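Look at the two complexes coming up: chain A is in both, with chain B in one and chain C in the other.
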Partner chain A sequence: MTSTACFIIVSRNDIPIYEAEVGSAAKREDAAQLHQFVLHAALDIVQDLAWTTSAMFLKAIDRFNDLVVSVYVTAGHTRFMLLHDSRNEDGIKSFFQEVHELYIKILLNPLYLPGSRITSSHFDTKVRALARKYL
Partner chain B sequence: MGRDVSESCIDSLLTEMVSTYCNRFYANKPELAARRIEAIGYQVGHQLSERYTMERPCFSDHLEAIKFICKDFWFELFKKQIDNLKTNHRGTFVLQDNRFRWLTRMSIDQSPENGTSEELSIMADNKTMQSMHLYFPCGIIRGALSNLGIPCAVSADISNLPAWLYEEIWMITSITPDHENLTFSSFDGSLVLKISFDVFFALVCTVIIMITCFWKKFKHNEQI
Partner chain C sequence: MPPAAPRSGDAIFASVERVNAELFTLTYGAIVRQLLTDLEEVEEVNKQLDQMGYNIGIRLIDEFLAKSNVSRCVDFKETAEMIAKVGFKMFLGVTASVMNWDADGTCCSIVLEDNPLVDFVELPDTCQGLYYCNILSGVIRGALEMVAMKTEVTWIRDMLRGDDAYELQVKLLKQVPEEYPYKDDE
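== the complex of A and B ==
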């Protein structure tokens, strides 16, 4: 079953520090920028919503055609955003929680500057494996 | 996530860190050593707060975040909670720990009460050394609160070693440049230390210090 999904991690200063196309569909040239554009446009909505609720996982907060944006906010206001077309909410929640653990491990690296891009290929591999497992 | 570490290891590490920075790296510049130690604490606090808030929901206001520091955060670090929390409801909080774990094994040079000038200076040295050990926990608290979205300045005070540790937190609600000052002043023979840093200056300082010290390692990592 092919599914499109684009995953972005945005820091508290609204700078994307990690992005990946994790869907199993083939990456289309015209859709690449579109996914990122939709996700960035949803940042305002996330900002408002994050202060209204104390939960970390904000479910589907925005739609574009048939694609849905789901967001997970950490206590340090780092946002994990996923653009997808599936309806599997539990899977997405588990995906976010596992990525949160990986992100904390990256943060614990004393040589990592918080707010800078995540360049570790190990992190990249693991995120893609998690995406295949949960999405 | 996270494993327990032996307490004697932590004690040795902290003692060694303070003594190295004060005696070797910045031998006659206690202000720079203090700033460096505080910056290290800032980064550690940043990372620790991220890790310890993983399971819980987000905080709705400043008081919630301070209570988290007093209870869960302090418990994870020191296996006990803060004993007393006071506030003036205008942005200042005083956290009081009656038995601060990292200082319980510090000894004091006992000097007689009739103070000649020599002995007063010994007392002043004592207070300086004790204060140096407080910069790291101050940095940890500042890092944790900054990560939770509350820029602040933290200062610590010991009135009776090893009994009391006061920590006062000022919320910087308006972003005005604040000249950082480090003053040693003595009233009635006791030394009160106030450190206030401009938040952004401290961040820039941390970045610069990290980059200069780990530049080679950083380059090595990039090439991998």
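== the complex of A and C ==
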């Protein structure tokens, strides 16, 4: 089964600091822009929803055709956004929680400036492995 | 009779005051981070860390000798063992091993498998030349200088650069004989 999934991390200042296409579907030329566009549009909803609940995992908050946007907001208001077409909520929740732990490790690195791009290849590999495992 | 010299720093480590490991790691990280911002050049940061380590080392040796009850080391080999087994355990909570002696016993490697300074750290592309733990080499250099040994301490392996352990090469340059500041007839 092929699936589409695009994962991004948006810093508290609304700057994307990490991006990955983690789906197994064949890449389409315009897909990347479309995914960015849908995720970008969902940011407003996240802003409204984030303060209505104490849960970090906001579940599916937006949809575009058959694509769904799931979001996880950390305590520091960094947003993990996943665009996907699967219906596996438990898997997505676990994915977010594990990515959160990886993100904390990155944040604890004294040489990483909070809010800057995550360039660590180690992080990238781990995120992709988690995506294969859970999504 | 003085108590026998300890062969490991476990007992001393258990009795001295400790701080939370993460607090320690992050504090050191903040220092390095600040140095990188202030000095900009990675080479300068390495030098500064070494100098800071030296300043720590020349004080730390007193603390070490006071708390550890070690007796005088007969040769450089014993000194190196003492640093690795007692010194590192006492101040960092890890044990190092000594290996790679050269033929005349003046140069060896202290190998650290585990290093509490580098938890969480990953070197970004912009600081590839950085010796993150350069403070350690300074500490050893400073401490040994206070007990009349001029040494040169360099990093051979560094896990942050993809090696499998931390290896510090300690090279004994010369042993300074003890000098008395007064003359016999005064």
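The rule we apply is simple: the second predicted complex is superposed on the first by the 135 of 135 C-alpha atoms of A that agree within 3 Å, B and C clash if a C-alpha of one lies under 4 Å from a C-alpha of the other, contacts with A are read in each partner's own complex, and residues count from 1 in each chain.
Note that in this section a contact is a pair of C-beta atoms (placed from the backbone, for glycine too) under 8 Å apart; a residue touches a chain by one contact, two chains touch by 3 or more.
Small disclaimer: the values here were computed from a predicted structure and weren't measured.
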item	value
Clash or fit (per the criteria above) of chain B with chain C on chain A	clash
Chain B versus chain C as contact partner of A:His77, first or second or both or neither	first
Touched partner set for A:His122, first chain B, second chain C, both or neither	second
Partner chain(s) touched by A:Leu108 [first = chain B, second = chain C, both, neither]	both
Touching partner for A:Ala55 - first (chain B), second (chain C), both, neither	first
Which partner reaches more residues of chain A (counting touched residues only), chain B or chain C	B
Shared contact residues on chain A - chain B and chain C	108, 110-111, 119
Contacting residues of chain A [partner chain C, same complex]	105-106, 108-112, 119-120, 122
Chain A to chain B touching residues, read off their complex	12, 50, 53-56, 73-77, 100-101, 104, 107-108, 110-111, 113-114, 119
Interfacial residue positions of chain C with respect to chain A in the complex	22, 26, 28-30, 32-33, 36, 119-125, 127
Chain B - residues contacting chain A, complex	1, 43, 46-47, 49-51, 53-54, 56-60, 147-149, 207, 210, 214, 217-218, 221-222
